[in-house]
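Report on the structure given below.
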Amino acid sequence: MNSHCATGGWVLGNLIDGTQAEYVRIPHAINSLYKLPGNIDPAEMAGFSDAFPTGMECGTLNANVQPGKSLAIVGAGPVGLAAMLTSKLYSPYPIVVLDKDSNRLEQAKKLGADKVINVDAFNAMEELDSVVDGKGFDSVIEAVGTPITFDLCQKILAPGGSLANVGVHGQKASLDLDKLWDHNITGQGINTRLVDTLTIPTLLRLFQAGRFQSTLLTHRYPFSDISKAYHAFQMAPKEGILKVGIDF
Amino acid sequence: MNSHCATGGWVLGNLIDGTQAEYVRIPHAINSLYKLPGNIDPAEMAGFSDAFPTGMECGTLNANVQPGKSLAIVGAGPVGLAAMLTSKLYSPYPIVVLDKDSNRLEQAKKLGADKVINVDAFNAMEELDSVVDGKGFDSVIEAVGTPITFDLCQKILAPGGSLANVGVHGQKASLDLDKLWDHNITGQGINTRLVDTLTIPTLLRLFQAGRFQSTLLTHRYPFSDISKAYHAFQMAPKEGILKVGIDF
Amino acid sequence: MNSHCATGGWVLGNLIDGTQAEYVRIPHAINSLYKLPGNIDPAEMAGFSDAFPTGMECGTLNANVQPGKSLAIVGAGPVGLAAMLTSKLYSPYPIVVLDKDSNRLEQAKKLGADKVINVDAFNAMEELDSVVDGKGFDSVIEAVGTPITFDLCQKILAPGGSLANVGVHGQKASLDLDKLWDHNITGQGINTRLVDTLTIPTLLRLFQAGRFQSTLLTHRYPFSDISKAYHAFQMAPKEGILKVGIDF
Amino acid sequence: MNSHCATGGWVLGNLIDGTQAEYVRIPHAINSLYKLPGNIDPAEMAGFSDAFPTGMECGTLNANVQPGKSLAIVGAGPVGLAAMLTSKLYSPYPIVVLDKDSNRLEQAKKLGADKVINVDAFNAMEELDSVVDGKGFDSVIEAVGTPITFDLCQKILAPGGSLANVGVHGQKASLDLDKLWDHNITGQGINTRLVDTLTIPTLLRLFQAGRFQSTLLTHRYPFSDISKAYHAFQMAPKEGILKVGIDF
């Protein structure tokens, strides 16, 4: 479990600063670096070091996404969309994406959601229920990180379902054990995960094979405009910005 | 998933009264009745219709109990003890049982706990930590059903661990997502289950093979003393009462 | 395990004749009949009672097909192609299909094989090796049913791989234990299966969701031409005949 | 998969000679050496570097041994017995051990087999059938390595069963696909494995916890009598010799 390695884990950009320097020392490099094939544009691969493995491991795998099983994703930011793009590797149906931002929902729709629902819509819960005939979702992915979005996720879980928490939470949440205790949340339960990045080689193979509709890279800037790049990334989700690349 | 059968589920003694009558109609009997071999005392088997399959399915299986992996069980009532007796089928180590009743802890010790800890002891958490070198438990079973016991369970989970909720809860609990989000609760997550009773045939075979140290039947009464039997059951955990049998 | 039900199993057309009569008694109908939604053409669904669940259960699931893992399918008849179409639900890569009939290989290519290889080609084994850099295939599906095709399958298995036998065999085969004993055939091993048809509801949902490129129905005849239909089915694989429908 | 590491694997005593020297270089030592706690007698642990992890990984785990499921082990040498001792961690029932040597069968009985059968007995197959009411065994472990013992194993597999090959084979075997193709060998199939030794830490913990009835060490010699030790080991199974220790 790389993420809980006592002498490693999530250190670059977290405990180790300066990784935009020309050279950087990578601890445990033998297990954590993957060589890109020569013909791949590095900027396109930015999402494959972070959003894609996070979406795959913390979202798709932990939510036990399976062919023909229903899937709801709460949150359509880059990680939520990466969870959706990787979940499609397992052919769930239907895929429903929820957010309060209509731009992001539109992107989710374009990238393959069967249905998108704005949680601020007055009849959002009814719409959601109608998709699965009131039976709840087999797989639910929380990709926001707030008590209120987690609460939505637990309320729409089907018996036998799995709730994969991907969001980074700063507060406790409320767990409806009075309702869930006999609801058989038995798939992979309610789970959490800091990405281990074990799936990167698989994801790279699948990218090369053309199995992903998008890398989520939407904007790129030359190095001289790096501050514009950071500014743009902060502006997301405005104007459809997802991942921002910087060219050296 | 028997427990969520739309036309069945947990009905006897719940939605259907009167199952101490001489005859009783059993819905879906083809899937829910098991014939006891002639030489088994029916009173001994009382726990095998309820506490043992609950301990096995909602506790042992859902907590992903495995050989050599650490296990903590919070609550040493009949279901907690049944979870312990069935967990031993998978040879976890160490098995630590927690309760606030010293009689129950003594019983747990006799039935095979490697260590018992009284949660009211001033240094309970330190003792618990020392058993697993501060790393948390791989498998945790909640067998009480209160916010405070659930809270204890989530605090002692190891990365990669599973928390099986067996307790019947009447209230919501607090979920420490601010601490758990990157703690990789990935085994089978935090899960819940109403017993499906699918393991009864297996448990009966193992009982016949002498693989259980106890059936948890501690007291029995003739039918004429049925009110004493109910009184005794309500007195549990006093005087070591676990399961009470009524002989016809 | 429906297929080994002591009072059921594979009986229609096997132990029970006459299922083209107007009415037919179906044993254990409560577990074995699925209602087609009104808007689906029954002829299109012929393959969903047999080839598709067989391909899915005996092939895709038993070969442990996984995203980005390599897959070889030996035999491109209707069942081999159904194994391929259902395996794509799990996004393996690459998918290589082998046969000796070039028509069938062409169909496999059209339906989504990444590569097809004619086993009669003089350099077939070299080509096969080159696809996976000599490492063997993670998933191998035998969809013919002869000692020679089984032999090919066992020779191309990677360590950690799974070999799903789908073919109906009339003879023993040779098992290369002298080479395999230390080759770690540990995925799901070398396995066999008579279809249980448990995946039919899932497959129907996915068909309705448009997730299959083909139903394998290539030819259809009116009931009055039923003998032509049987004749055509016997002619397969000539002229691209896969599944033949009869309209009532 | 350590056993198939391209720059490591099974090298000591296989590709690297001389490991009874005073010092020895261990490739990939960071992943392959485990520190014995100070109070354990090293000679007792000889079996934990080889027979026990082999029995556990190639036998117990690969045969999908489960509580209350039937288990047959063909071969009662040290590895077969280690498979039996580790399989008991999962509480199968019944455990039947087969061999042609009555000394070894007696040892198997002492170490916990529910039943032992001499394969040379005229009614061996009938006895075997009667144990499982003619239904076959859920888990079968081959611990000899000959075509004839493998043949016995495949003939006694139940639908849904798993056959773990542990024996080292020098020849091909015959695989009864004409009978097995519809017999649903679906558990973990017929599988093979060279030990990866990943379970050593778990086995050591369980040994320290007193969970094993035996370490299989039956004889020990001082270093000055090393040739007697080798001679004794070659004499096994005569006179109950299993593992032989050499004291330095």
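Should a chain be cited, it is by its letter among A, B, C and D, assigned in written order, with residues numbered from 1 in that chain.
Just so we're on the same page, a contact is a pair of C-beta atoms (placed from the backbone, for glycine too) under 8 Å apart; a residue touches a chain by one contact, two chains touch by 3 or more.
Which protein is which chain? UniProt says A, B, C, D = Alcohol dehydrogenase-like C-terminal domain-containing protein.
These numbers were taken from a predicted model, which means no experiment stands behind them.
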Neighbouring chains shared between chain A and chain C, ordered by label: none
For chain D, the least number of touch steps when starting out from chain A: 2
Chain whose mean Cα position lies farthest from chain A: D
Centre-to-centre distance between chain D and chain B (centres being mean Cα positions), rounded to whole Å: 34
Distance between the centres, which are taken as Cα means, of chain B and chain A, whole angstrom: 36
Chain B-chain C separation of Cα centroids, rounded to whole Å: 44
Chain-chain contacts as defined at top: A-B, A-C, B-D, C-D
Chain D partner contacts - residues on chain B that touch it in the complex: 67-69, 89-91, 93-94, 114, 201-203, 205-206, 209, 211
Interfacial residue positions of chain B with respect to chain A in the complex: 1, 3-4, 10, 62, 145, 147, 150, 159-160, 162-163, 165, 167-178, 180-186, 188-194
